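As structure tokens, here come the structures.
Both complexes shown next keep subunit A, but they swap its partner, so subunit B is in the first and subunit C is in the second.
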Partner chain A sequence: MTLDRERPYWLEGIDLPDTPSQDEDIEPWDETKVVGKPLPRVDAYERVSGSAVYSADVVLPRMLYAAILRCPYPHAEVKSVDTGAAEKLPGVRAVLSAFSPEDAATRPHSEFIRERLFNTHCRYEGETVAAVAAETPYDAWDAVRAIEVEYERLPFVSDEREALEPDAPLVHDAGNRVAEPSTYERGDVEAGFAQADVVLEQEYRSECEIHTPMEPHGAVAKWDGDQLTVWESTQGVFNVQSGVASALGMQFSKVRVIGHYMGGGFGSKLSSGKYTVIAALLAKKTARPVKCVLTREETFLAVGNRPPSNMRLKAGVKRDGTLTAMQFWGTGTGGAYRAGGTSLLDWLVRDLYTCPNAKTETTDIYINAGPARPFRAPGHPQCAWALEQMMDALAVEIGMDPIELRLKNIPAYSQAREGNPPYTTTGLKECLEEGARSFGWTEARERSSAASADGPMRRGVGVASCLWPYGMGSPPATAIVKLYSDGTVNLNTGAADIGTGTKTVLAMVVAEELGVDPGEVQIENADTGTTQFAGASGGSMTVPSEAPTVRAAAIDVKHQLLELAAEEMNVAVSTLYLKDGKVQSTADPEVEREPSSLRSLGRRRMLTGVGHRAPNPAGKVVNPFAAQFCEVEVNIRTGEVNVLRFLGAHDSGRVMSLLTYKNQVVGGITMGIGFGMTEARVLDGDQTGKMVNKNWHDYKLPTALDVPPEVECVPVDPGDREANNTGAKGIGEPATIPTAAAVANAVFHATGVRMTGTPINPSRLVEALAAQRGE
Partner chain B sequence: MLPKFSYVRPTSLDEALTHLSSDGAKPHAGGSDLLGCMRDGVFEARKVVSLSALQELKGIRQAGGGGLRIGALTTVAEVASNSLVRERYSALAQAAAEVASPQLRNQGTIGGNLCQKPRCWYYRGEFHCLRKGGDTCYALAGENQFHCVLGGSRCYIVHPSDTAPALVALQASIRIDRRGDSRVVPLEDFFVPPSTDVQRETVLEPNEIVTEILLPGPARGLRSSYRKVRDRGAWDFALAGVALALEFNGGRVAGGRVVLSGAAPVPWRSREVEQVIAGKALDAATCGAAARAAMADAQTLRRNGYKVPLFEAVIEEELTNIGV
Partner chain C sequence: MTDDPKAPGRKGVSRRGFLTSVGTGALSAVAASRIEAEPTERAELLEGEELSKVTLILNGRSRQLLVEPRWSLAHVLREELGLTGTKVGCDRGECGACTVLVNDVPRYACLMLAVEAEGARIETVEGLMEGEKLGHTQQAFVEKDALQCGYCTSGQIMAVDGMLRSSPNPSLDEIRQGVSGNLCRCGAYAHIFAAAERAAELKREGGAS
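Coming up: the complex of A and B.
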């Protein structure tokens, strides 16, 4: 896999338009007045008051409600579906199944998964079998219960560690290996291990994690003649548009997708779902708008997860801290279909630290469980769980501080990419050094080690670092900034604000260039019918893709304004500039014109500026880096871990909005604590293969009491002038990559117990501690 | 989606009890358990009888002999914060404060907390298990990390309540009403183990409700506490917990009870611990011996072996703390 040439699997098969590159070189700001400030969200009132309309809130006249019948077994053949009784129930307007004429529709998950919408061969619990549209949700669910399905239950496999055994039941006829193992090699690892003073080898495992966004997945579909409008909770309206168009054989111009507000996706809402197509088909059949919003339980089964990962890592180091070789084996599963079960699982081993010899092998395996979807930094929290614990263990073996060991191996260029391209900037060293200083690493480390051994409480501190191989942003992207004759501004972008504050950041960029109040910028976004193309909000790409685009559009409209002003004032345009929203002159400090006072602008009524995303710097890599630190207190008798404090030091380039940046760090650390300490999908693999914890009570997301009151954010801005015209890199994903590993390292520091499996909870830790005592 | 049901909100206890004597009627107190069970199809409720208008079942009152009477509809939050409860019955106040989350404590009632259905994920899920009239306990060979290590028999649930072990330790009784009749039962005898009947959790008949909790005046030298270990900081049931209500005389344990949560299908009175500590000062050796005795008869399943060292740790820690 070559990252720069091939798309990540979740973008394979998705058409992306080319947009022209910006023909003007725009330099990053030297100073800013608005950008970087901790300003409140421009849509805070709407979100907090409840006036914001999310897709799940959309109510249209004569709208029907859909409910989906899902296969209750991990593996079954649907022999028949009898919808007769359901169709006769009051309020029921349409029923679809594999046995209705619409069964030919395919699901547009991606080009290579041409899976049927209603499958008769159900390979996972939660596969769609039938769907109902009815006057009320109650009517719809009563009808689902009245549908009679004859299933032939088939043997299943729930654990990828057993799925390659010779007698394992087959998920697909061709076998349970998704593809040949993916391999990578540089240098000679055997020679590297021979040069090492210390070689360690360890197995690690991370459990399957479910996205569970606040707003469940879903869509509302409405037809006007042959025109379809879809309101969907999505990270990318254009992806949904192409997915629906492909599934239903429609032209783009007939499919409009709107996603103004959405309640979280974390990667699981990058594309359309079966629910989108089901809503559209039911709406067509009934000639009524149809809402299809999944239940919480359905979101646990059928709309994605972070694959479980089994990892073995062998690493060699010299006494002076030089890494000599690393070898990595990983297996994982994207469930019953090809869905990136080992996507990017080895990347950090390949590229985070300088190491001349590296070899990796990853194997993606089918099991009878719901397909994975990208989840906040695919592969990376898992790989960090292994690599960063290994670095910690190596440091212990050679008697070196874990931060010093990392500092010894900071890469200047990307070793895993062809041609070893340099990074535009790498703030990894600064993240480690400034983070350690702010955290009080040395003092905390000594204090913990010196802590009295009386009583059951022990303290420890841990560190882990990361990079994220995306987060650079990229074309294609186009934005429009309109300046009205009264001096106010409209911003038009296709980007979805998935709760991260995209709209706020973009409004601040407009404000920086045009001198308006960010809160006064009218924003149209995430509507394929009316807004400009933007990629889906994912990959930590949104701000570094869209902010430079919006800035270019704002500068374009600014130039037009100055030209109008120069003509009207009869001066050379080169003497005019815009400051604090007013046209001013280098020739005459007395000149100061409000745009609204320009007669020519009044006649035009509106100026339209267009911006495109310029290409990324050729031959260089733009990546975010980070280091996170935490302190824990462990009860060594009960295995209870109290995370006392966390610090995230992040090089994500320029801080565009300090509040949204901190939100991402706190949110990423919270999610990382869930991944490392509380969350795990539990399948009843020995009996039924069904998920037993598909609800928010049994599937344990961290609560406010599991996240430390003190989470500090230390932005490290290396002043990247090459990345793009804002100098911003992505923050959303790096914020969660090293968290769990930092906790594991702190727990080791406190207890001497190495927890190689997630989650570190009292049940697991108390057993490990008892084993350590020899009980 | 909830299935169809009828709903009544009677204004007197008699009226409520009349409604409850009809077939398929279920009482609705805080509703935090009932609605989930109905939505998940754990059981049917054809008629939901709201108790929310019954003021006489709300509140905490002083009783003779320094005791308390707690109306069954008193919220868990009120029990946790009530000054009399906090002064006299620390174990109950602490246990109530450990229940679920602030929202659920504000909504849930103390009576409902004692009567809640098991939290076993097979019982709550789409599994026709033994307790629901099926022929298999899925926990026995399945995902049993949260299941019992004591008192299991055919079914391996743990009792989910935090307040129940505290109240059993404090020797509480409860009043149970049905139409035209009322009875008082020691709380210890209220819960039904699966060895007696695998399909019921309490001695309540379908037409009965718990109306009041009766706490005897604190014995001389009583110290009580509740400690709970769980996988996350809130909204979680006990992996292991212990309620202590011990009477001290001259630094020695003169009597009292030790009751475990998260251990067994019912609040589990550990007579083994009580015997080890009887008449003793709670020194390190005694606490350690008592903790080991608590788990001497533990029968672990495939995935809950951790509960043995965990219970030993929690019991030893709590005995040590209360003895200081």
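Coming up: the complex of A and C.
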């Protein structure tokens, strides 16, 4: 796989427009007045007052509610569906299945539908079998329960570690291997291992993690004749538009998708789902709007996950800390369909540390479980789990501080990309050094090593680092900034604000250029009918894609304003500039004009500035880097781990909005604690093949009691003047990549036990501690 | 706590008596939910579609409406009354996104039937507003950026506001316990703790609301 040539994972199957490149080069700011400040979110009022309308909140006149009947078995053939009784129930307005008279209508095709909307060959628990629209959700669920389905149950396989055995049941007739193993090689690993003073080899496993955003996936669909409007909880309205249009064979101009507020996605809402199409078809059939919001259980089964990963890593190092070779084998599963089961799983091994010899092999395998979807830094928390624990173990073997070992191997260029392009900036050294200083690494490490061994409590500290191969942003993106004649501003962008603070960052960019209050920037966003193209909010790409675009639009409108002012004031435009929202002159410091006082602006009523995203620097790579540190306390009798404190030191370029930047770090660490310590999908492989913990009671998310009360954030800004005209790189994903590995390393430091499998929960740890004692 | 939930009288009435007598505080809320989990022996069996009249004291105003006995309070608030500030994340009492105050005590609106709320004082996030102005707890969440996607936020705010009514000066441990029934998948907990402390401060400075 060559990363640059392939389409990024969140754009697979999506048609993207080309945007014209910006005419002029815009230099990054030196000093900023607004950007980077800790200002409140521009949409905080809506989100705390209850006035923000999320897709699940949309209530339309005469709206019906949909409910979906899903296959209860991991593998089954649907023989018949009898909807007669369901259709007679009070309140029921439509029922659809693969056996409906409107069969053709239930056979839309699109990449995300895989086979059929209502599949008669169900390859995973939770596959859609039928759907109902009724007057209330209660009526709809009554009807779902009244549908009679005859299933022929088929043999299933629930564990990718068993799925390649010769007698394993087949998920697809062609076999359970999704494709030939994907391989990568540079140098000569055998020669590298021969040069090493220490060679370690270790197996690691990370469990399947489920996104479960707080707002379940869902959509509301409404038809006006042949025009469809969809309100969807999505990270990317344009992806939903193209998905729905292709599924229903419609023109883009007939499909409008609105996603103003959405309750979290983490990669699982990058494109439309079957629920979108079901809502549209039921709405068509009943000639009424239909709301289709999934139940929590459905979100555990059918709308994505982070694949489980089985990894083996062999690494060689010299006594002076020079890495000589790394070899990696990984398997994983995206479930019952091709869904990136090993997507990017080996990237950190290939590219995080300087190492002349590297070889990787990854194998994606089918099992009878719900398809994966991209999940916050696909492949990376898993790979960091292996690589960063291996770095820790190598450091112990050669008697070196784990931070020093990492510092010795920081790359200046991308080894895994063709032509070894340099990074525009590599802040990893600063992340490690400044992070360690703020954390008090040396003192904390000595303190916990020297702690008395009386009693059951042990303390330890751990570190892990990462890069994220996206996070540079890219074209295409277009934004419009409109200046009203009273001097106030409107911003138009297609980007969704998925809670990361996108709107706030963009308003601050406008404020920086035009001297207005960011809170007074009117924002239209995430509506395919009215806003400019923006890619889906994913890949930590949104700020580095959109902020430079919006800045270009603001500068465009500023130039137009100065032209008008120069004409009206009868001076050369080159002498005018905008400061604090006022037109001022280099020639005469006395001159100061409010834009609203310009008669020509009053006559024009509005100026419209357009910005496009310029291309990324040629031949260079723009990547965020990070290092995270934590201190834990372990009770070696009970296996309980208390995460006492965490620190994230991040090079994500310029901090655009300090509060939301910190919040990303806090949230990424919380999610990483879940990945490393509490979360695991459990499939009952021996008996039923069903998921046994498809709810938040049995599938444990971190709660307020599981996270450290304070998380420190140390932004590292190397002043990247090449990345883009704002110098910002993405933060959302790097914030969660190294977290779990840092916890594992701290647990090792505290106890001497190496936890190679997630999650580090008390039962697993107490078992490992007992094994350590020889019990 | 002397009320016997099995005492004579229809559930609406006995429940109102029960709720008004338990007062405030997290412990009472825990005890109340435990007792409610027991089956009500004298409950009348009603057909699903048969509508019951219920009176709610909703955000300070009395509201009469007809509901199916099986409708949850969360469903009625959101889909029947349009109070969509109250969110539903799981509909089974696991996430707390639907937290409202019932007689000042935080409760999961998805686990409470609308008919159970007969006569009770129900407050939703909309009820914390003073006109267009944010209430203290809401304001604190803005200042501390104690949210990301915002979908759990109403529930977090109601949990904090309820906690502060029974414990105006909570310790950090109390705060963490107080919001431990409210999941935040974006993981903004550390900021939520800070917001709870700030809300307590604002309430001390600014009086009720």
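Please note the rule applied: the second predicted complex is superposed on the first by the 759 of 775 C-alpha atoms of A that agree within 3 Å, B and C clash if a C-alpha of one lies under 4 Å from a C-alpha of the other, contacts with A are read in each partner's own complex, and residues count from 1 in each chain.
Keep this in mind: contacts are C-beta pairs under 8 Å (C-beta built on N, C-alpha and C of every residue); 3 or more make two chains touch, one makes a residue touch a chain.
Because the structure is a prediction, the values reported are computed rather than measured.
Visitor: Which partner chains sit in contact with A:Thr212 here, subunit B, subunit C, both or neither? Use first/second/both/neither.
Guide: Touch partner of A:Thr212: subunit C, not subunit B.
Visitor: Where does A:Pro137 make contact in the superposed view: on subunit B (first), on subunit C (second), on both, or on neither?
Guide: Both subunit B and subunit C are touched by A:Pro137.
Visitor: Output check: A:Arg296 vs subunit B and subunit C. Expected answer is one of first, second, both, neither. What do you get?
Guide: In the superposed model, A:Arg296 contacts subunit C only, not subunit B.
Visitor: Of the partners subunit B and subunit C, which touch A:Ala704 in the superposed model: first, second, both, neither?
Guide: both
Visitor: Under the stated touch criterion, which partner chain does A:Ala179 make contact with: subunit B (first), subunit C (second), both, or neither?
Guide: A:Ala179: touches no partner chain.
Visitor: Touching A:Ala618 in the superposition: subunit B (first), subunit C (second), both, neither?
Guide: In the superposition, A:Ala618 contacts neither subunit B nor subunit C.
Visitor: Is A:Arg41 in contact with subunit B, with subunit C, with both, or with neither (first, second, both, neither)?
Guide: second
Visitor: Look at A:Val666 in the shared chain and tell me whether it touches subunit B only, subunit C only, both, or neither; answer first, second, both or neither.
Guide: After superposition on chain A, A:Val666 lies in contact with subunit C alone.
Visitor: Applying the document's definition of touching, compare subunit B and subunit C: which contacts more of subunit A?
Guide: Comparing subunit B with subunit C, the partner touching more subunit A residues is C.
Visitor: So which bits of subunit A does subunit B touch that subunit C touches too?
Guide: Touching subunit B in the first complex and subunit C in the second, residues 137-138, 142, 697, 702-705 of subunit A appear in both lists.
Visitor: So in the complex, the part of subunit A that touches subunit B is made up of which residues?
Guide: 67, 72, 137-138, 141-142, 456, 635, 637-640, 677-678, 682, 684, 686-688, 690, 692-694, 697-698, 700, 702-706, 761-764, 766-767, 769-770, 775
Visitor: What residues of subunit A sit close enough to touch subunit C in their complex?
Guide: Within the complex, subunit A contacts subunit C at residues 40-41, 44-54, 56-57, 59, 65, 90-91, 136-138, 142, 211-216, 261-264, 266, 295-296, 498-501, 659-660, 662-663, 666-671, 674, 695-697, 701-705, 707-711.
Visitor: Can you tell me which positions in subunit C touch subunit A when the two form their complex?
Guide: Against subunit A, the touching part of subunit C is residues 48-49, 68, 70-71, 75, 78-79, 82-92, 94-95, 97, 124-126, 129, 134, 138-139, 141-143, 145, 147-154, 157, 172, 175-177, 179-180, 182-193.
Visitor: Touching residues of subunit B toward subunit A in the complex: what are they?
Guide: Going through subunit B, the ones touching subunit A are 1-2, 4, 101, 121-122, 124-127, 138, 141-143, 145, 229-236, 239-240, 305-306, 309-310, 313-314, 316-317.
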